[in-house]
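One structure below.
Note that the chains take the letters A, B, C, D, E, F, G, H, I, J, K and L in the order they are written out, and that residue 1 is the start of every chain.
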Amino acid sequence: MRLLIINGPNLNNIGKREPNFYGNISFKEYFNKNLTSIPGFELSSIHTHKESEIVNILHESDNNYDGIILNAGAYTHTSVAIRDAITAISVPVVLVHISNVYAREIFRNKNLIAPVCKGIITGFGLQSYKIAILSFLD
Amino acid sequence: MRLLIINGPNLNNIGKREPNFYGNISFKEYFNKNLTSIPGFELSSIHTHKESEIVNILHESDNNYDGIILNAGAYTHTSVAIRDAITAISVPVVLVHISNVYAREIFRNKNLIAPVCKGIITGFGLQSYKIAILSFLD
Amino acid sequence: MRLLIINGPNLNNIGKREPNFYGNISFKEYFNKNLTSIPGFELSSIHTHKESEIVNILHESDNNYDGIILNAGAYTHTSVAIRDAITAISVPVVLVHISNVYAREIFRNKNLIAPVCKGIITGFGLQSYKIAILSFLD
Amino acid sequence: MRLLIINGPNLNNIGKREPNFYGNISFKEYFNKNLTSIPGFELSSIHTHKESEIVNILHESDNNYDGIILNAGAYTHTSVAIRDAITAISVPVVLVHISNVYAREIFRNKNLIAPVCKGIITGFGLQSYKIAILSFLD
Amino acid sequence: MRLLIINGPNLNNIGKREPNFYGNISFKEYFNKNLTSIPGFELSSIHTHKESEIVNILHESDNNYDGIILNAGAYTHTSVAIRDAITAISVPVVLVHISNVYAREIFRNKNLIAPVCKGIITGFGLQSYKIAILSFLD
Amino acid sequence: MRLLIINGPNLNNIGKREPNFYGNISFKEYFNKNLTSIPGFELSSIHTHKESEIVNILHESDNNYDGIILNAGAYTHTSVAIRDAITAISVPVVLVHISNVYAREIFRNKNLIAPVCKGIITGFGLQSYKIAILSFLD
Amino acid sequence: MRLLIINGPNLNNIGKREPNFYGNISFKEYFNKNLTSIPGFELSSIHTHKESEIVNILHESDNNYDGIILNAGAYTHTSVAIRDAITAISVPVVLVHISNVYAREIFRNKNLIAPVCKGIITGFGLQSYKIAILSFLD
Amino acid sequence: MRLLIINGPNLNNIGKREPNFYGNISFKEYFNKNLTSIPGFELSSIHTHKESEIVNILHESDNNYDGIILNAGAYTHTSVAIRDAITAISVPVVLVHISNVYAREIFRNKNLIAPVCKGIITGFGLQSYKIAILSFLD
Amino acid sequence: MRLLIINGPNLNNIGKREPNFYGNISFKEYFNKNLTSIPGFELSSIHTHKESEIVNILHESDNNYDGIILNAGAYTHTSVAIRDAITAISVPVVLVHISNVYAREIFRNKNLIAPVCKGIITGFGLQSYKIAILSFLD
Amino acid sequence: MRLLIINGPNLNNIGKREPNFYGNISFKEYFNKNLTSIPGFELSSIHTHKESEIVNILHESDNNYDGIILNAGAYTHTSVAIRDAITAISVPVVLVHISNVYAREIFRNKNLIAPVCKGIITGFGLQSYKIAILSFLD
Amino acid sequence: MRLLIINGPNLNNIGKREPNFYGNISFKEYFNKNLTSIPGFELSSIHTHKESEIVNILHESDNNYDGIILNAGAYTHTSVAIRDAITAISVPVVLVHISNVYAREIFRNKNLIAPVCKGIITGFGLQSYKIAILSFLD
Amino acid sequence: MRLLIINGPNLNNIGKREPNFYGNISFKEYFNKNLTSIPGFELSSIHTHKESEIVNILHESDNNYDGIILNAGAYTHTSVAIRDAITAISVPVVLVHISNVYAREIFRNKNLIAPVCKGIITGFGLQSYKIAILSFLD
């Protein structure tokens, strides 16, 4: 099963930034140590700060992956474009939030992308990625 | 690891009710077939329509379980009492939504309980329970 | 035709409380004098202060009654659980308000239950119950 | 007992228009077949698309009828003028909605006229008129 | 100086209706007794329940009057059409409210017409008309 | 192809009123000079200040025209009745705004009629009518 | 008849400030030339920038004047204290606005004082004071 | 003087839970040590997590107590049923909040019960109960 | 124990004004008869209509009193300055409302000062002051 | 006449995505078959998912085109940057929406770009582009 | 160049109060040590708790100063009177906030005065005054 | 001291665009003439229309600069991504607005970036940059 993890803006320096929200391990470390070893999955991972790049990756992933794990970062709360891209493709997208967005600033309660996703994993730290992968098991 | 699954109001007849949102297998069937076989967990499950009963169960579970998986059903959107009960205990609570609450009526976007939970699993159907259990692995 | 009248919180002391809104005859008196005599109906009536009990009664009524007449009292404005219970059963529910809820406090304008009912009778005093019964005639 | 039924804008072509909301019998047919035969009432019925005409009819009905059954159609949600006309007369007005306005577009939840009516009948299809007539029995 | 008084919906039965808001003298009586005698003015007065008629009268008054005194009644709070008509003509319009609209239902606080008027007289009872006339003195 | 242009309130004096929003040519002039000459269309045009008249015309046009071009003027922002009339007929309606309603008062942003129209032309001055006619070409 | 005119903050330099809203004559000039000559009134006038002073003056005027003409300036939109002072006395208060507050910034639409006044005169320039005085004639 | 103290949901473990909001003494300890010794009062105290139970207790207390001290906990912010119960009885109810609800989450600012109470004591910790008792002295 | 009672705007004529809200005894009478006799307190009392004076008194009281009892009157709902003054001093402030502000106009629900006070006493009439004093006993 | 068509995010796969909103022909096909043949225009067309790229194109088009036809897709509802770019250039921009944005999700009703455009064409499917081109004829 | 610094309510005890927001040096110290030494300026400074006093000072400063540096403290968020005073004078006013008002309570986001100022300096601590002075250099 | 000035979308053509808001000198001219000469600073400046580029520059600047001066242009009001980037780095960021954003469209009042900046300079035209640089002096 081929899965693509897309990480959006500011997710390159997890591990250094606001450790009370995001912990202190980088995504790369976690990816190599905790995710690649899960049997049954062929994992790819990509990072970009660009809203348009995420739109692009989603369009192009349509026939090449069995599932997308998307952490849209800040765009979760503002991007109609990414939402439209998800409705335009047929590969299932699972949305991931590292921190508990419900417990932070009020503007993080607004979620434009969640309504068009297959499922949402919120608040488990970097472990949220692992849970998202496991959600593709059944 | 001892986990308690608490199912709130109207969750007794999942499988019969609104299959487009909830699928057509009952929680019991799913529990027996898909959850009890997960190795490493000792699972209990309880159902109640009563808000006050959920408050009670949460208080009493505090020293008896290693984790709670809570599907508060309709009370997710209206109960300050359950929220207060969760902040009053120390056992971690994972919140579960069977359907994608973001994609339904607007009043289901308001979530009084999520801000005080360890993590939230949303929209994977009954599989959401399995994912919640797996989230206790690490 | 078997009908069940469900009266919610605080409706036990109609006739004593706030007569300008609710009149000064108790529901029991009215029931015995004005409703039981309507030909063609087998009427039952139940009162409870409990939100969860109403949910319960609705679930259990599904095969035993041809219609429900529900006065949810205060829960009309706050209960997602009762709303969910009505969508979960197939027996038709007619919602009844004794007073004109449109003409009272602003929070009584919010009606969580009405959108999932077959019809709504508002503001005719205790006579609202009689009208609700007659609505099952055709 | 003399009753006047006032039908507002767009209610002339019920039976043809949006059958999922309004059914497929015209008001005239229903009136002749189901309403005129109710014993004890002398029924009149009038239709107009004009807000000002409804205001006018209400003023003039004040001494000529024992009750008004008003389906204000779209003006239910926008007309302060009709509301003021009802407060200006003493004949009781029962408001009627064919469809369940609570379950449609959000702007149909706003009801400017209901607060000044004797009672409101909502959502029983054309049968709403019959129920409204029966409400004048006691 | 030629002035036209336009009275909108429901203002024909002032004196009978809701005396706590409108007093108990009819506009006609007041007009004949208190207004026609004011020196220096040639007064006309017209009443209509129709929003479109008020639009019409405003258009036609443009060259025939030196001033308009408008009591738009309920349309004050709902009519963009009358507002547009006032901006389309050059004769000055003084808006009149018999009752203190600030002290009544919240929807009467919304005033679509006032922003395009020369001045507004509010809450002096029928005397508001007299004050409006006097406002044309200078 | 038979088209009917319906002009609503205050649109009779375009060309004189607020030239910065509406230009300085009257609709009649524009109609005769710019619209009647478009090949392939049989054009009629009607003007009324009355909301109810527009409802009426829409009902009656249903079998007599291939398309409606509607400039509802102020009623665009306030009329549920016209909206309901459009949903009640099957002839396609194209909505026209002479001025850019998005760039004016905030209440002109609310558009009750647009959601039930085939298409909307906004802000091209009187040329908006010509564009609307051309939209029926395909 | 003894009347007291109270002018609130910033009303000392009318005539110099924002002439498009307030004209270019000072209140003093206008008072001496246009108001003192009105027969039948004994006029006093006072100016203060202080909210508390206006409260004070209102309390003390209770037995010394037959009427108050209040231009509360900016406090119109922010002062609950002045509102409370007016409800605490029995002398009638007429509220005066020089400019058309409905046609300016949105925060000037909020009027905390108007609901407790006898009447309101809005938008006639300095002439608003004269009209307010004349309103005490009857 | 007979007083009944009603403690609502989650108030059984005050003293253990969130000590910064609630202090670290349990209600029972405080009751025995600080309240029972106040001369002139016969005190009873009851705890329940159930909204419906509070409704019930209020109804039954009507003739048996001279006053009620109610800490409705989370239901303060969500329960119309308890509000209705208070308006339905004649014994005076004093509402008590241990913590300063104004200084916490925004949803704790909404108070459905306070408007129908005799008085409200907020923010003095467990001492709030003592103050509430003393309020019955006069 | 030295306490200072600060009374804000319009509280000088309690006893005469709106007796349904404030009763008919003046603060002075009540103070002399009911408060000065409470053992253990050295009471001072001050009244001012001025927001800035209250700010001043609060600053100066910081080392001279053991507690402040503040009835800020209308400023409760509008004054950020008084709120800031309370956070700037260390003497505890108890906020007092004579009437039940929750049960009056909606703008009295907004309370800018309560979040920074030690406790709040609401709705007991003049007795609120006595209760506030007693709250300093422990 | 040189026109530039700018297509924003997700508009590359029109014809495949959500055919009920967008139809099933691609923009390219439509462009080649229906637009290039319109006499009198020299058409260019460009597509990008990038907000910043649209800003850039607008700046550079200023002297090279006689008109812009912009379908900003999702950015219509969120981009202040594109709005600012349009106000910064002098070439006229016509805004195009393929679907009827008024009849979809509520967030599509907010239009940040429309207020600064020359005109807006909404809801005619791909034909909207043709209509936009024709709008440049006069 | 003559500049006047106006400090509003509660700004007299900066240095003692809430040091995390305001630091721990008093304005006087800072003024003497850091501001008076800036070459090219003749500085005055005044402090008052009174809204009306600030209005007054602004009026009187009009011909006596080349610029005003205003820290309106709490009045920033509530005073229409100060706003009106600034629009009534011609000397430029620079608004200063010591703390970052965007990052504190939500009511401090509302700024009634900023729209009529020449510029705004926010969040640099006492250094904000120095920056404001330097802003008058060019 | 090394400072980096980041200019966001549409800021490349300051000097040509909307001169009433932005003046008529380009940033480059101003930079060369007015900023580079300030002693004690080593200034760099970069312009981009891309939100993601600004995120990127902020991440990379973390160890290379002593301060950032950011004019985020339109992204000020919409970008959570830039906000998150600022919280992720440790170099202090001063936010700059050329125009007085408080005095323009209402959507420019919403500022997502300001709460996480060291300070904010608003409305001094291009001089705002100079003031921002000077703010790094102390």
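Convention: contacts are C-beta pairs under 8 Å (C-beta built on N, C-alpha and C of every residue); 3 or more make two chains touch, one makes a residue touch a chain.
In this text the structure is predicted, and so the values were computed from the model without any measurement.
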item	value
Length of the shortest touching-chain route, chain I through to chain J	3
Touching both chain G and chain J (chains)	none
Any chain in contact with chain K as well as chain L	none
Fraction-based call for chain J against chain A, same above half, different below	different
Listed chain pair F-J, J-L or A-J that repeats interface K-L [over half of contact pairs the same by residue number]	F-J
Mean-CA-position distance for chain K and chain D (Å)	62
Whole-Å separation of chain centres (CA-atom averages), chain D against chain E	31
Rounded Å distance, chain B centre to chain D centre (Cα mean)	46
Interface hub residues of chain I, defined as touching at least two other chains	50-51, 53, 78
Interchain pairs in contact, sorted by label	A-B, A-J, A-L, B-C, B-H, C-D, C-H, D-E, D-F, E-F, E-G, F-J, G-I, G-K, H-I, I-K, J-L, K-L
Parts of chain G lying in touch with chain I, wherever the complex brings them together	50-53, 55-56, 59, 78-81, 83-85, 87-88, 112
Chain L contact footprint on chain K (complex, rising order)	100, 102-103, 111, 114-124, 127-128, 130-131, 134-135, 138
In the complex, chain A residues that touch chain L	8-10, 12-13, 16-18, 48-53, 73-75, 77-78, 107-108
